[in-house]
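We just call them A, B, C, D, E and F in the order they show up, numbering each chain from 1.
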Amino acid sequence: MSTRAYIRDLQANQNLDGVFAIQNAQLGMTKNGKPFLKCLLADKTGRTPARMWSITEDHFATLPTDGFVWAAGSTQPYQGEMQIIVQDIRAHEPTDNELKDLLPCTENDIDQMFSEVLSLLQSLEHPAIKSLADRYLEDGDLMGKFCQAPAAMTMHHAYLGGLLEHTLSLMKGADALLPLYPQLNRDIVLMGLFLHDLGKCQELTWLQGFGYSQDGQLVGHIGRGAILLDAKAKACEDEELGEAALKVPDAILQVLTHIIFSHHGIPEYGALKVPATPEAIFISNLDNLDAKMNMSIAETRPTTPKPNANGLFTEKIWALDTKLFKPDPTTVPDGSA
Amino acid sequence: MSTRAYIRDLQANQNLDGVFAIQNAQLGMTKNGKPFLKCLLADKTGRTPARMWSITEDHFATLPTDGFVWAAGSTQPYQGEMQIIVQDIRAHEPTDNELKDLLPCTENDIDQMFSEVLSLLQSLEHPAIKSLADRYLEDGDLMGKFCQAPAAMTMHHAYLGGLLEHTLSLMKGADALLPLYPQLNRDIVLMGLFLHDLGKCQELTWLQGFGYSQDGQLVGHIGRGAILLDAKAKACEDEELGEAALKVPDAILQVLTHIIFSHHGIPEYGALKVPATPEAIFISNLDNLDAKMNMSIAETRPTTPKPNANGLFTEKIWALDTKLFKPDPTTVPDGSA
Amino acid sequence: MSTRAYIRDLQANQNLDGVFAIQNAQLGMTKNGKPFLKCLLADKTGRTPARMWSITEDHFATLPTDGFVWAAGSTQPYQGEMQIIVQDIRAHEPTDNELKDLLPCTENDIDQMFSEVLSLLQSLEHPAIKSLADRYLEDGDLMGKFCQAPAAMTMHHAYLGGLLEHTLSLMKGADALLPLYPQLNRDIVLMGLFLHDLGKCQELTWLQGFGYSQDGQLVGHIGRGAILLDAKAKACEDEELGEAALKVPDAILQVLTHIIFSHHGIPEYGALKVPATPEAIFISNLDNLDAKMNMSIAETRPTTPKPNANGLFTEKIWALDTKLFKPDPTTVPDGSA
Amino acid sequence: MSTRAYIRDLQANQNLDGVFAIQNAQLGMTKNGKPFLKCLLADKTGRTPARMWSITEDHFATLPTDGFVWAAGSTQPYQGEMQIIVQDIRAHEPTDNELKDLLPCTENDIDQMFSEVLSLLQSLEHPAIKSLADRYLEDGDLMGKFCQAPAAMTMHHAYLGGLLEHTLSLMKGADALLPLYPQLNRDIVLMGLFLHDLGKCQELTWLQGFGYSQDGQLVGHIGRGAILLDAKAKACEDEELGEAALKVPDAILQVLTHIIFSHHGIPEYGALKVPATPEAIFISNLDNLDAKMNMSIAETRPTTPKPNANGLFTEKIWALDTKLFKPDPTTVPDGSA
Amino acid sequence: MSTRAYIRDLQANQNLDGVFAIQNAQLGMTKNGKPFLKCLLADKTGRTPARMWSITEDHFATLPTDGFVWAAGSTQPYQGEMQIIVQDIRAHEPTDNELKDLLPCTENDIDQMFSEVLSLLQSLEHPAIKSLADRYLEDGDLMGKFCQAPAAMTMHHAYLGGLLEHTLSLMKGADALLPLYPQLNRDIVLMGLFLHDLGKCQELTWLQGFGYSQDGQLVGHIGRGAILLDAKAKACEDEELGEAALKVPDAILQVLTHIIFSHHGIPEYGALKVPATPEAIFISNLDNLDAKMNMSIAETRPTTPKPNANGLFTEKIWALDTKLFKPDPTTVPDGSA
Amino acid sequence: MSTRAYIRDLQANQNLDGVFAIQNAQLGMTKNGKPFLKCLLADKTGRTPARMWSITEDHFATLPTDGFVWAAGSTQPYQGEMQIIVQDIRAHEPTDNELKDLLPCTENDIDQMFSEVLSLLQSLEHPAIKSLADRYLEDGDLMGKFCQAPAAMTMHHAYLGGLLEHTLSLMKGADALLPLYPQLNRDIVLMGLFLHDLGKCQELTWLQGFGYSQDGQLVGHIGRGAILLDAKAKACEDEELGEAALKVPDAILQVLTHIIFSHHGIPEYGALKVPATPEAIFISNLDNLDAKMNMSIAETRPTTPKPNANGLFTEKIWALDTKLFKPDPTTVPDGSA
């Protein structure tokens, strides 16, 4: 894909070929009764409509509705957008490198973030909680997804690596705030934060665009996270661990389960239980704070400024129930608005 | 306890001795500075205040705050109630027979009801669902609790055997209604109903009066039921089952888990998921109907009429958000109200 | 209409003539300043855009905005739909047979369903309730509408005969479930179900497409149903009935009125009263269950599968607050999603 | 009752005899096992506990639980109240004059208020609406109740004559405001206000203390008012009226029915329909304003100041969701609070 | 602008030039890659799409995105609307007279309305409240805005002079109703009504189309009104006033502040405080009534009938949560619907 | 008060004299018709009923209903409490030292906390924000109240010094978390936190027990805080400041005002505006977190354990909508519950 420009940067009448995410591929019919392809082509910087004016039904059948393709064609301005007129297209399994260009991704280093999470877990003191952390860390498949998954479909941290970034931000935030609340058990807080969203590894899909899995729709990350925790806790007693085997005490397991079930705070926001221990209350509130900061900063003061984002206020952001005032107020001269 | 009257039937100045549930035992202080016992004594028919005017702190320390005692004394009318003046009291572990007299209990035969549940489960057809049912049935401890637990603390089926009675009523109701909705999968519906409240075996305590367990408060019957289902489904693959071992297909397990998580219908009523399959919608609505019928019939047309329940309307019942009109309307003559 | 295909089955460049429902007829203006007709043409299988490129204002004035027409023309593919280019069009009063092809209709036999309702009403025992039922049954105009009306504009049973189908389904469901709740009065339940939605005969219009009447918007089916019941109950005392005249006892009339006013369950869903007798609670809950089963089955497992309905989940259904999982879970192989 | 003081004015150790409302009469049991009467005795100025220390069960059985009695005895201070020690008591049917002293009553002249309502109705212009008003006015039983009924159990205008007072206040308020909104039809507004609460004549009972009737609980004043309107409108067509018979046009009848069904404004406050004509919106809002003014003035600036009502703020008034600041703010000197 | 027709009256193929409000001006790109202007042109009677097919980026940069322009061109029917094809366009600062034609405006005389407000304020009696009124009246800038501002962006009184019209309507309505509630302090009510919405002078912008100012979004009219009141009250103590200087008593200032903070009635509608004095309750309810009457009359019985507004019912009006029945019901013949 | 025990520690039949808070002083009447004093006597450790059996009305009139007294008497056990039988009592103005023993107070050092707040304010960088901070700091009366006021009546930080403790906790927490969100303006965050609750200095009263002032009930701390900020900002421009005078830029003042109006997050919790800048969102969420941590820690793991607080769960805490699990879960052995 080295030779093509990002979608954000397309110019009129530009030739291009490369790998794209394809979305909502449909077969249309021209006024002359000829089939044509209509779809969106996307990469991590945006998406734009595309048309292929001559395509057979058989050719169309080889393309994914939502997935990845290699395509060649040229741009044509249409209603203010750069539409792509496709000459050639075929299904394509992207390499990991290509994937990075196709899906939005954290701006931070994934390996670096994961090693910070590891450090924080290594600072745990309670032996059973440490053992439980090890059961998760040794599950390579899960940890692979943990490093790759977004934290949400939309809203906050909705990019590859978002789950890891959000989890690390919470663990670091907790470490900074805990000295103010010495009555809290640090092991429970840090382990609870590490676990609280891990069910998203099964709830979300991201390899063909962000979506909910069947398990996500029927069980969800909160239910799946709790079921997973039960299995990992049982694994701490496995004979295979030899002398290292030890039981996670009931109250610890119940409170960690409770943290997963309660971290959304209230039933209307998806909690099965209202937070009922100081550690659960702390986690639920800190989670909410970090999600809202990620959302509001991304909308008002993003690393890469949004094109065409004029005005001092954003559009209404439904999750925050308001328009946001964008500038740092100390930079706004009197009379500017 | 054979020699004492039920609390509902106590007369003035009556001697009595026997086993009681004791509730809220406290040490008071008379105006003269002498300690005395104040508590409630209860059986399955009601409860009444009791006092023991001379008791040492050491004696008091041997009594449970909430639990069971043997006590002897006599009745004294006080403010319209029959207060018990205790002469002697000691902690007591009730026999199963005594327990029956101490806690409210279903009026139906528990063995008979359980065998009806068994029959319905034996009519299941899908091999993996049958295997899953067997994993539950072979768990004697769980089935013992299933036959004994109430279905709730208050509200509906709040008596020993209530969980079994409610579950059977739902399974029979489903069997009667399903012919109207042939598109539903009967195996999923009946298995879902059998499972949906089983977590109450761990959520509630009933041996020392009805209450919530620590697990009930932190995890709850919905969460515990789903975690339990996962373990039972894994047990279907156990090598120990030999040739009978088989995997519960993913979609079946997800939908049954979904039924547990969704059967309360909406988050405000405790659902983690909104019912999202026809079978889950059916179960959630039928569950609600049966609970409300049990509640409203118990309040308006109980098997044993309530004493002092005059008037055509009940007091306001908060769970139904209204007072209930008690009589069968075809029995009310004009001009009676 | 024998010679034309259903709209669902139209092919490109096909000539057609016949009777259609016309919707939203408007006079447009071409870029050359000439008037043209734009409208939708519909039958019971669907609807599609239509254009007539030369039409006078006088001709247009003879057409209903929403109603029925005879039209001739041919199909032209446009943006993936089969648009109809009209050559000739005129207003048309459809015969009963034509109407059947123009509006969605129950798949069950209306006469058969009505006779099942009759049977159930004949099984009533209380003489005043039987007399009341007779007053409704002898109102031919009302019974004609009862057999024809949809049960709703959209949502559940939104087709001709839907009200009858829904009412019968409830009466049969009640008959199946009532043995579980012997404390309920069967006459009240069955009569209440027969009555509860009858006001929809005046609330809805269906002969020119489904809509709300003026009475429906200002008074509604709940208010109208209660006012109608009062008149029918007074008719039971008519001198014209001779010896058969008898008064409906007050409590029976009040409870049946209460059932109409309360069957939507809570004020937010349109109830004037919260259900306050066991029979009213039973009816409200069973009504809700049947409506939701009709809705969810139609969306997931319809008799005639929907074209282009791929995917394991439906779109979000607002009345159920969720997407629905469509397959019978026992038919989904592992790894399919 | 001329010889006894009002309950508000009782002094210690005062002999008294006269007619009282009795409330919640119960048979207690002394510590010696002797029965005694415990009840509240009330008049329009308040109520106080009463005891009769020797009473037989047979004597007790002749007394109403809630109703009226003649009693003789003396006062005894007890816990800051003037308790009445009864020497003699018997059931008593109060005369109209006595009733005036027993139930709280409007401070305005009922005849004068009713004649003001009549004047306003005589100013109506539309013949069918005038005829409809006549049908109500000629119903002597209904008009008798209209002049006597309270407008509510508690909250606003909760006294005899309250319904008439509230209705007149609204009709006069409408007459004062309508010049600002000349687009409204005055006949519809005034007739709608006259009708809107008339169902309370059947919803409430007041002769034995304020309460809800069976009809009130099952049907309610909104439903009953609409059913009544239908009957009165049909009566306008009665052959007995001879040439004066005329049909109330459909739209007028529907809108008046709509006004009754919608005057509570939103379903949560008991409306079956949301107000959907300018006249209905006007009535709903004016009704709400008058109710709240009556409530808030009674709590802050009553004609007869409340004893022991110190402080600048009232207790929290749930229907207004706040404590009220009582003084006219122009009378509060700085530094007084 | 004398020579051009209002937008509501445009005919096909009509030349026009004059001053317009321009909205949402954007630079589009034709399929040939040439820039073109797309925007809406508006006056007080409506708005319509406009295009200028050849425009340079430099020319475009001189035009406001939302503001005012002089434009010349001709009309072209397109999709049922009269689109304007622009030949020439330039930014333009409208005169006051032009502004009257560009923004919707009250139909009443502004000077006349303001003098009625003055009269009512002159009838105040309390010296400190009169002084406070004078502090507002002598603020020429504020009074200028008070006479010009709309009362809202959309919904009710959303036109120039709307704030004045709404305020005067409330003050006159209060004057008409107050005789029914003599316990209320008239000075507080009239002054409270004069003040309650004055913060809208800073919350809204209207000179370039109706919108919210930065202050409106961050502080709002309720907060700003209260802050302004504090400053005006302090100004009553200014030494510059000489002998006329006097302190507004604390309770008066607190209650007026409370009226501003509470006039929206409940927090969900923007109130910071729930109305807690009779005067505050009166104002909040009367404000609501007047707003709803303005809204509902404008939708059903406007001075200038809306074109294409067929049917007896309006579209659903979200702020009233219903469709409105439009006709005066006494004018609807039976059988018309 | 040096010679008397705290109320928490009273023993039976103990003589005592000293200073107490008196609450709800009332004049009762004995059965013999003699007046007596009934009240509660309190100190920072609790409160208990008191009676003085012979008191004249004149003596009673010298006592505050709620305030402070010197009293002498002795204890008498009554219904499990240590009632105080008063021999002598008179009104008393407590010294600052006495006050410390009478009202609950922070356990931290007030001077130390205030100097930490000062340090954080001295670290501000923006000159106008620094000047604004100085205007507050130089207001000795306000700062005195800031150091003394509770942060709430009940709920969180409901003790003397609580406002200062809560404010400092938030400023320190922000300082710890801000490195995670470098896009936020630290000056705005710290100044916003310093200001956000300052209106509580006028909303609450604490010298005669905790309560709401008249200003608190009518205006409230949010409204008062915003009005106060406006005055302090204007003071930054005072000529008296000489060269140091400078204007607080509009956007800064608006955003700080917005932070005050929005810090409760949603209207239902008292916010006039929804937080609409990243800094406002941060403050609102951190405020909520700190309040909940203070509440939940005080209930579960208080510095001074509560007497009689058995059980693993607290009573239901309404502000948290749940019972809390009290122990650190790592300290609970299996099988303990």
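One rule holds for everything that comes next: a residue touches a chain if its C-beta (ideal position, glycine included) is under 8 Å from a C-beta of that chain, and two chains touch if they have at least 3 such contacts.
Bear in mind that the values here come from a model prediction, so they are computed numbers and not experimental data.
Asker: Among the remaining chains, which ones contact both subunit D and subunit F?
Answerer: Touches both subunit D and subunit F: B, E.
Asker: Sort the other chains by how far their Cα centres are from that of subunit E and give me the top one.
Answerer: B
Asker: Between subunit D and subunit E, what is the gap in Å from one C-alpha centre to the other?
Answerer: Measuring from centre to centre gives 42 Å for this pair.
Asker: Find the geometric centre of each of subunit B and subunit F from their Cα atoms only, then give the gap between the two centres in Å, rounded to an integer.
Answerer: Inter-chain centre distance comes to 44 Å.
Asker: I'd like the Å distance between the centres of subunit B and subunit E, where a centre is the mean of that chain's Cα atoms.
Answerer: Distance between chain centres: 61 Å.
Asker: Can you tell me which residues of subunit E touch two or more of the remaining chains?
Answerer: Where subunit E meets two or more other chains at a single residue, that happens at 214, 217-218, 250-251, 254-255, 258, 273, 276-277, 323, 325, 337.
Asker: By the document's touch definition, which label belongs to this structure's chain graph: line, ring, star, complete, or other?
Answerer: other
Asker: For this entry, which pairs of chains touch?
Answerer: Every pair of chains meeting the touch criterion: A-B, A-C, A-E, A-F, B-C, B-D, B-F, C-D, C-E, D-E, D-F, E-F.
Asker: Report the residues of subunit C in contact with subunit B in the complex, numbered from low to high.
Answerer: Those in contact with subunit B are residues 126, 129, 169, 172-173, 176-177, 179-181, 183-185, 187-188, 247, 249-252, 254-255, 258, 266, 274-279, 281-282, 285-286, 288-289, 292-293, 296-297, 300-301, 320-325, 327-330, 332-337.
Asker: Give every residue of subunit E touching subunit A within the complex, in rising order.
Answerer: 26-31, 33, 65, 213-214, 217-218
Asker: Per the contact definition, I'd like the list of subunit F residues that touch subunit E in the complex.
Answerer: It comes out as residues 214-215, 217-220, 222-223, 226-227, 230-231, 250-251, 254-255, 257-258, 261, 267-268, 270, 272-273, 276-277.
Asker: Which residues, counting only subunit F, touch subunit B once they are in their complex?
Answerer: Subunit F reaches subunit B through residues 12-13, 76-80, 310, 312-313, 323, 325, 337.
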